[in-house]
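The following pair of complexes shares a single chain, chain A, combined with chain B in the former and chain C in the latter.
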Partner chain A sequence: MVNGINLALQFLDSFAFIVLAAAGLAIIFGIMGVINLAHGEFILVGAYATTLSATKLGLPLAAAMLVGTLVTAAFGVVVERFVISGAVPNWIGQRTVGRDFVEPLYDRLADSMVATFGLSLIMVQGARVVFGNSIDTVGTPFGNIAYGAFSYSTYRIVLSGVSIALLVGVYYIFTRTEYGMTARATIQDEETARALGVDTERIYMATFAIGSGLAGLTGALFAPTLSMQPTLGDQFLVEAFVAVVVGGPSVVLGTALSGGVLGAIQAVFTNLYGTFFGRIALLAAAMVALRFLPDGITGFIETVQSRRQEGE
Partner chain B sequence: MSLLELDGVTAAYDRTPILRGVDLSVDEGEIVGVMGKNGVGKTTLLKTVMGLLEPTEGTIRYAGADVTSASADERARAGIGYIPQGRDVFPKLTVEQNIRMGEKIRADSDETLYDQIYGYFPILDERANQDAGTLSGGQQQMLAIARALVSNPDLLLLDEPSEGIQPSIVGQISEDMQAINEDLGTTILFVEQNLGVIREMADRCYAMERGEIVDEVGPTTLADEDAIAEYLAV
Partner chain C sequence: MATDAPPDGGQSLAARVRARFEGPNTIGNSNGFWVGFLVAVAALVAFPLVGNAEQFSLFLVLSLLGLSLSVVWGYTGVLSFGQVVFFGLGGYTFAVVSINVSTPGGITAAVLAGVVGGGIGAAVLGYFMFYGGVRDVYVTIITLVATMVLHTFMAQTAGSEWTIGEAALGGFNGMPDIPLLKLGVGAASFQFMYNAIPVWVPGFGTVELDPFYYLALVLLVGTYLGLRALVNSDYGRAMVAVREDEDRTRMFGYNVKRIKLVVFILGGALAGLSGVLYAARNVFIDPTVFTLLFATLPVIWVSVGGRKSLLGAIIATIAIEYIRVTLGGELALVMLGALLLGTILFLPNGIVPWVHKQIRQNRPAPADAEGPETPDPTEASES
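Here is the complex of A and B:
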């Protein structure tokens, strides 16, 4: 019985971590075709901004988390304008030498990886130069719940609730709002969307801001549980990538399903053999999944659906 | 009064020129065709008018204003509607969502316009909640026309409406376009290589070869099948 509770909590913990780590990356990749290797450092921005506004400015933790999320979203807009779309360098280019300096990185997977990897290095070292090797942390709120001989951090259970709320929220945004419909139309056919009066540049900017904001939220939420070092983003990046790749093309459903599947596997192995083997099992499962479902879980679902339609 | 005027428009993909000094004008209320074989630059011409491709030389005037360097979304808001080759409906949005994408352009589109559009294409009302990707070619063409019409455009650009569509539906679409021109007063510029469609729809027609307008064909010549077949001969 007690072991069952352990397993359930372990699953919720893994699920929350995977979903929260992946959400921002999945949106930016799914909609803009940009692989953001600086995703971990966007999480770093959220975590640092949250921690600093709580410890230095004395904000209550919830307010500090909101600040962390918004600061990261704003930072994302700056990165989008300068690096991803190249709008700022091109604006300067048009006014000085009369031509564009760079092409936007949309749908250029390899190029976007190189550019954002460079950005990630700059950000990690930048954080180290400005803030040193570590900063003071905020304590984990809510204390522990105890059952039998075990106790468990209440905050981590709250996080799993937040991760589900976040999936619902993102699903709502992309299927029910004006922005979501326009964004989906833009991914499916950018040229036609423009001919229908959609300012696709603004859509991309908004999407990058939302993806960055979610990364910032992840950093904000995990800030109380982590030690604040410039490299803290690394531990999110692997899970985030694995979840996005295993999830496949459909952003929300893919992230939810891969969070569920990978979270379950990680929970079982962690429970039986410890954290180290839990992580190995997660990566092994991802490798097996990609061998047999190269387009991810939702890619597989789409293939099955279209086959059934053809059969009708 | 001419609604659209192209003056010496040259456009290129990378460095390869596709349009070479195109002069063309469309008057308000007209249906003007541009005929030519595959690869003469018909699609490029429409994309340049829509603003999806910026001309390297020449000027484009629309409704009296110079729009040569205006972006596609600005031109859409100024009243140019576009129906791309191969329809390009959004396959994973529903029929209704596709149409609503068109509605966002202009504030002055109203409900009576919807009734009128569904009057032309009742099938779209029936299939409102179906994914657009599951429609047949002809139905997708109707959807693309409806999507362009809900913004109540003054000028409609239509790229090879007959391509990949059953001959029986092609005739119906030509008739619908003429009815739209008459009922709503929409000016239409279309490109086409199907002789039947050109003769049925166009008031006036340009012939295009290798990126240049080589001839202008009035109503009398349009009636003469042999004379215009020459422009489309291989």
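Here is the complex of A and C:
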């Protein structure tokens, strides 16, 4: 029988997982036109940094999570400079042979996928070489709440709260801060933005850092609940990509809506038929969504809005 | 020389046949190339005399998978991370059918069923994607997700309810009971696996030659030449037009969706063939063919070799798989990743086209009459 509270909790869990998994990817994809296939490995960095600083350095969990997020953001900046923008190789190129070695990967979707996949191979295997096949985990905080015959991890409920706070935070950043305004200007028309004095390169760097930081935060938040192995990032990929595809061009709204819709679908099917069919349902939903809304949910909303404006 | 006029009645048969395989869409339209090609094929035929043919046949089989991605991605611009879906479908279909009907005729039918299975898988996925208006990069993501879902699916088929006829899918344990590959019907059939044939070769004495290796080689060379003919045909030019600019191609009256679907099905069938041979060679198949790593290997081969080059796909597949198998160990994947990253950053068009360009630049001018490569803004600005 379907238990209402179970279903609600399952939904919150799926929603939090999808939103957290997708947020970093969506931002980098939406603004930079870069598909980061190493997204799972950025989550890995966050999770490992959190776990290691909690177990080895003895930091309290909250501080360790902050460390995990910041380390991943810093790592993101390094990756952006070396790989995505190619600024460092090009600087070396200019100094040595007087020409650029590489072209930035911005808006080269396929190339960015392939390049970041190379990066992800290096990172997964590098993590395995350095840290071995698994590292010690930190325990899940907060214990359980019990209701009726069931009990549920309080931490998972906290996570859904965090995911909503994160959406609000990202929304605030992109609509109310100067960075957000210039970033949106850059998406709309990079040339004009640059002509008006926006340092687009800086925007890209900051965006990648924020996206990486969010991936790191995801890793940090899920670190207590996962087994710490080099391939832990893989389990986020399906949900993250599906959410980005279904969400469409508008980053925050898209992630929130697709998290809601897909979370509901996944929760119902997982509750009725088990985890595996929850995943299959997720994919089927994504296929159907793409069949009828090729630009995702927000693309559809935009089309409807512009049609209505034309009608007036 | 490659300065041949367009085919007309006045040419010899050889020149007309050759003209079918040549055009701006492939590397190597000179006499020198074809001589080199024949030498390379001869070397591959002779390879079992000196090397480990049993291992090398795996590289040949995987080259077919590489070719399938090259034609789908490099020539039609559809980056599919899902070639292994069709590869795996081909392999599993072959396994299921051949286990159920393990007579020579049944196994031959299983090979065809595997190829068709790969093609049908591609047709279903491709129809939904291309006719659903799924655009370039979303195709990539959907195919990637399809791979992962199929992996999850096959991994949980350990139970006895997942049995098709006599064939148990076996979950993570895979399907170990695949019969040995035989082609033909009844008595007029030939076993290709574990059936080394002693042949007397001058200078080497009597050598045991593995028929499967030659089967794979014949299929690979045949596929390569067939794809060359395809990409240099009118249809191939339409494919390249789709890659270069979908909207413009549609404006010229081509049915872009259908071209993409047809090529995707062709790629799926080819990947299915590769999967059939893979399962037949290993006499085994398991869900590792759907893992993320295996899914991306074709992308690595094709990007490193040069996605717009069929030859590059083959060379890179063989080279990378050889490196991967011989290096083994923990650092092999790190090096593979570094190779991929380095190639995309520094030689985005791949190694083989780059080598080709170097050769052409160092050759006297008339050789350039083979016509410019497909117009490519990056190449034009690099000179």
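One rule holds in what follows: the second predicted complex is superposed on the first by the 310 of 312 C-alpha atoms of A that agree within 3 Å, B and C clash if a C-alpha of one lies under 4 Å from a C-alpha of the other, contacts with A are read in each partner's own complex, and residues count from 1 in each chain.
Going forward, a residue touches a chain if its C-beta (ideal position, glycine included) is under 8 Å from a C-beta of that chain, and two chains touch if they have at least 3 such contacts.
Computed from a predicted model, the values in this text were never measured in an experiment.
Participant: Could you look at A:32 and tell me whether it touches chain B, chain C, both or neither (first, second, both, neither)?
Facilitator: Once the two structures are laid over each other on A, A:32 reaches no partner at all.
Participant: First (chain B), second (chain C), both or neither: which does A:252 touch?
Facilitator: After superposition on chain A, A:252 lies in contact with neither partner.
Participant: Between chain B and chain C, whom does A:238 touch in the aligned arrangement: first, second, both, or neither?
Facilitator: Once the two structures are laid over each other on A, A:238 reaches chain C alone.
Participant: Would you check which partner chain A:196 touches, where first means chain B only, second means chain C only, and both and neither mean what they say?
Facilitator: first
Participant: Going by the contact rule set out at the top, does A:267 touch chain B (first), chain C (second), both, or neither?
Facilitator: Neither partner.
Participant: Scan A:184 for contacts with chain B and chain C and give back first, second, both or neither.
Facilitator: first
Participant: For the three-chain arrangement built by superposition, which of chain B and chain C touches the greater number of chain A residues?
Facilitator: C
Participant: Have a look at where A:280 lands relative to chain B and chain C in the superposition and call it first, second, both or neither.
Facilitator: The answer is second: A:280 touches chain C but not chain B.
Participant: Mind listing the chain A positions that touch chain B in their complex?
Facilitator: Those in contact with chain B are residues 178, 181-182, 184-185, 188-189, 191-200, 309.
Participant: Residue numbers of chain A touching chain C in their complex, please.
Facilitator: Where chain A meets chain C, its residues are 35, 83, 86, 89, 101-103, 109-111, 113-115, 117-126, 128-129, 234, 237-238, 241-242, 244-245, 276, 279-280, 283, 286-287, 290-292, 294.
Participant: Hey, which residues of chain C end up touching chain A in the complex?
Facilitator: 73, 79, 128-129, 132-138, 140-142, 144-146, 148-149, 152-153, 156, 292-293, 296, 299-300, 303, 330-331, 333-334, 336-342, 344-346, 348, 378
Participant: Show which residues of chain B lie in contact with chain A when the two form their complex.
Facilitator: 50-52, 71-73, 76-77, 82, 84, 88, 90-93, 97, 100-102, 104-106, 134, 147-148, 151
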